[in-house]
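I have placed the structure first, in the form of C-alpha cells, so that the comments after it can refer back to it.
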Amino acid sequence: MPLRTPAIVVNFKTYLEASGQNAVGLAALCDDISKETGASIVVAPPTPDLAIVASSVSIPVYAQHVDEVPSGSTTGHVTVENIKASGAKGTLVNHSERRIKIAEIHEIIVRSRAVGLGTIVCTNNLGVSRACAAMDPDFVAVEPPELIGGDVSVTTANPRIVGDTVRAVRSVSGGIGVLCGAGVKNGRDVAKALELGADGVLLASGVVKSMDRRATLLDLVSGLK
Amino acid sequence: MPLRTPAIVVNFKTYLEASGQNAVGLAALCDDISKETGASIVVAPPTPDLAIVASSVSIPVYAQHVDEVPSGSTTGHVTVENIKASGAKGTLVNHSERRIKIAEIHEIIVRSRAVGLGTIVCTNNLGVSRACAAMDPDFVAVEPPELIGGDVSVTTANPRIVGDTVRAVRSVSGGIGVLCGAGVKNGRDVAKALELGADGVLLASGVVKSMDRRATLLDLVSGLK
Amino acid sequence: MPLRTPAIVVNFKTYLEASGQNAVGLAALCDDISKETGASIVVAPPTPDLAIVASSVSIPVYAQHVDEVPSGSTTGHVTVENIKASGAKGTLVNHSERRIKIAEIHEIIVRSRAVGLGTIVCTNNLGVSRACAAMDPDFVAVEPPELIGGDVSVTTANPRIVGDTVRAVRSVSGGIGVLCGAGVKNGRDVAKALELGADGVLLASGVVKSMDRRATLLDLVSGLK
Amino acid sequence: MPLRTPAIVVNFKTYLEASGQNAVGLAALCDDISKETGASIVVAPPTPDLAIVASSVSIPVYAQHVDEVPSGSTTGHVTVENIKASGAKGTLVNHSERRIKIAEIHEIIVRSRAVGLGTIVCTNNLGVSRACAAMDPDFVAVEPPELIGGDVSVTTANPRIVGDTVRAVRSVSGGIGVLCGAGVKNGRDVAKALELGADGVLLASGVVKSMDRRATLLDLVSGLK
C-alpha cells in the first residue's frame, strides 16, 4: 500500500486559502506536523500547484483528479503520467465533486498501478463502494454527499456506513484500505473512524478553513493514536 | 493586450517530453531564446506543472484549460483563481482537445479579465471564430482540426481561413488579436501567418517533438521579423 | 424561417405531467388551440415521445436537444437525422438545462439547415446571444437563468435584456428571429415580449403546471394579437 | 427478471436504416419473428422513436440510454420516468458509445427497479463487469470495445471473456443475467454464447445492416434452441 496507515488525507480542494503560495504554505505545515508527530499525512493541492508542492515537501502529495486519456495530444487534461512526472505519489479518483465514468475508474486504477501511483477512489454509498472495491484500487474513501462540508462528522452522523463500507470492501479484498470523510473536524472524529475499522480520514474545510491550522492538525493527528 | 505581439505560443500539451522536469526545462529554453532574441514567446505547460514553471521563468506562462466553476468545493477542477494564484498570466480556452460550452467560454472571458488573466480562445472554423470574437476575448486562435498535428502548416494548406478569420475578428473588434495554428513548424510558417494578418502562432509538436528544440525555436522566432 | 411568427413555443421539459400519454394529450390541446385561434404554437415534448407526438398533431414539433454526433454507432444519442426521421420540424439547441459546446452548436446549425430542421438556440445573456447569432441559427431564445421557473416574467423583471437581445441579434442578421423566456405566464407577458421586439416566447411550467391548460393557452395566445 | 431468457437484444443504435418509420418497421419484423418462433427478442430503437415503437409492438422495447436526473426542469434529458411513461420496459445503461459515471449507474439501477424498468448494464472488460454486478442490475452485457462493429463474434474472438464474465457475475449474485455482444452475426454465434453460459446476446449492425433482415433474425433465433 503506497500510503502508511492510519492516514489523514487533506484535500485542499480549489480554495483560494490553499492555492498558489497558500498551497505551498499549507503543505509545509502538514509536512512539519508529520515530522513532529510521526503521523502519516497526505496533501492534495489544487492541480496547478501539484509539482511545486511535490518539490517542496517530503510527505506524499496526491492529485485531486486524473483524466483517463493518454499523454500527448490531450491538451488541458491531466494524465496519469503527468501526475507521476510532477512528483506526486498518487491521486484521488472519482471525488464527489468530480465524478467520472466507471470504465475510466478501472483504466485509471490499472494504469496508476503500472506507473507506481496510489489510488484513492471516492464513493458515495455502499453500492458504489462495493463496485469500486471490485476494481481493486489502493483505497476506497466513502463520503456521504449530504454530509460533505457540513458540521457533523460522518463518524457521528452515520457511523454505520463507515462500518458497513469497511466490511464490504474487506470482503472483496483484504488488501484495499478504507478511508471515510465528510464533516471530519477533530481528533475525536479521527479516533472514531479508526474504531469503526477505517484506515484513516479524508477531509478538507476542517483544515483549510481552520482559524488555527496547526492546532487543528495537531488535534486531528492525536486521534490516530 | 496582455501579450506582446507578434507572439509564438508553445503548447506543451500533455507530452511526457514536456511534463514535470521536462516542462521546466523546455520553458527555460523558451525563456532563454526570448531573452536572446527579444521575441515574445508564451509557454503553456501541463496543468500540474503550471506553478513550478511560472516560478522559474520570466516569459508569460499560460494554462491549457480552465473550468468555469467557482473556487472552493470544486475538487479536481482548475478555476480562474487557481490559475491566477499559480503565477500564470493567462489561459487557453476551448482548445480543440478540450472544448467547452458556450456559456462557459463567456463566463471565463469575463472572470479572467476581472482578475487580470489573458484569454486565448481556440476555434475550429470561421463561424465559431466569429461567435467567439463576439464574446470579446483577448485573442482568437483558429486551428482547423484536420490539420492539427499534421506535417503541413495551416498557412500553406489553408491560408484563406487565416485571412478570413483575421478579417472576421477585426470586424467585430479591432482590439482582439488573432493567432493561427495547426502544422506550424518553422520560421517561414510564422512569417506567412503574420503576412496573412495574424498576430502570431500557436504550436505544439513542432517544438516539443523537435530533435533540436533550440534550433527550431530560433528558426520560428526568425519568422517574427 | 421554419416557424410562423409570432410564435409560442411550449417546452414540456421532462415533466411527468407532459410525458408519455400526457405528452400526446398536451400536444393535442395545443394543436386544437392553434386551429381554433390561428395562433402559431410549437411543442417540444420529452425526447422519447417525439415521434409519437409528431405523428399525432399538425403543429410543428421540436426536439428539446440534439447531439452533435453522426448517425450510426452512437447508441443513446439523438442525432439531427434521428430528429428529422421522427417527423419533428426542428430542435432547441443549448437549452440552459442542457448546454453544449460552442463547436457543437455551430455544427448542429449547419447540419439542421441542410436537412430542413429549424433551430432555436437558447442563450443566457447578451454576450452569448451575440455569439450565437454569429453562427446564424433560425432563432435565438434568451432566458436569464435566474428567472427560469420563477413567478415573474422576463418581460417584467428584465425588459431591457429582451430589447438589447433583439437589437444585438438584428445587428448581426435581420433574418434571425428572437424569442424570450423565463417566467412567462400569460397574455400580457406575451404582448410585452412582442412590444419589446421579440418574435415570440418560450415557456414551460406556465403551461405544463397550469390547473387549466386550455384557459392558460387561450390567454397566452391572446397576447399574440 | 423482466426479460424472458435466453434473449436476443437488437440495438438499433442511431442508424438511419432503423430510425423513424424504419424503426417502427424493424420492430414490427422482430415482433413477427418472436411470435412465429416463440423466441425472446428485445428491441432498442433510437430515443425519439421509443414511444411510437412501444405503442406498436408487443415484444419488450428498451431505451438505449437514460440520464440520472429527476423529471421536471431537466430539458433535453431522458429520465427513468420518461422511459416508463413511453411504454418501454427497460433500458440499456452505460453502453460503450454512451458511458456514464459510476454513481449514475447505481442510482439508475435503484430507480429503474423502483418503477419496474429492467436494466442491462454494458461493460467493457472483466473488472468493470465485476463492478457493475456489485450494483445489482438485471443484466450485465459485456462487449469488448475492440470487437464492436467488427466481423468476428466475441464468442469466436474472445470466448474466454464471455465465460469469465459469466462466472464473475454469478459469483456476485445468481440473479443477475449475462449477455454478450460485439460482432454477433448468426445463429452459431448465439448458440456459442449460450454454450459459454450467457443468457443471450446484444447486437446491432448484424441485424440493422443485413440485406435480408428476416433471414438474419430467423438464423439468430435458431441459435437459441
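Note that the chains are named A, B, C and D in the order they appear, and that numbering of residues resets to 1 at the start of each chain.
In the analysis below, contacts are C-beta pairs under 8 Å (C-beta built on N, C-alpha and C of every residue); 3 or more make two chains touch, one makes a residue touch a chain.
Computed from a prediction, not measured in an experiment: that's the story for all the values here.
*Asks:* Could you state the distance in Å from the CA-based centre of chain B to that of chain C?
*Replies:* Result: the chain centres lie 37 Å from each other.
*Asks:* Counting only Cα atoms for the centres, state how far chain C is from chain D in Å.
*Replies:* 33
*Asks:* Between chain B and chain D, what's the gap in Å when you average each chain's C-alpha atoms?
*Replies:* Inter-chain centre distance comes to 44 Å.
*Asks:* Hey, what residues on chain B touch two or more of the other chains?
*Replies:* 96, in rising order.
*Asks:* Among line, ring, star, complete and other, which best matches the way these chains touch?
*Replies:* Ring.
*Asks:* Let me make sure I understand the interfaces: which chain pairs count as touching?
*Replies:* A-B, A-D, B-C, C-D
*Asks:* Quick one: which bits of chain A touch chain B in the complex? Just the residue numbers, please.
*Replies:* For this pair, the touching residues of chain A are 11, 13-16, 19-23, 46-52, 55, 63-65, 69, 71-79, 81-88, 92, 95-98, 148-149, 204-205.
*Asks:* For chain A, which residues count as touching chain D in their complex?
*Replies:* Residues 94, 96, 99-106, 109-110, 123-125, 127-128, 130-136.
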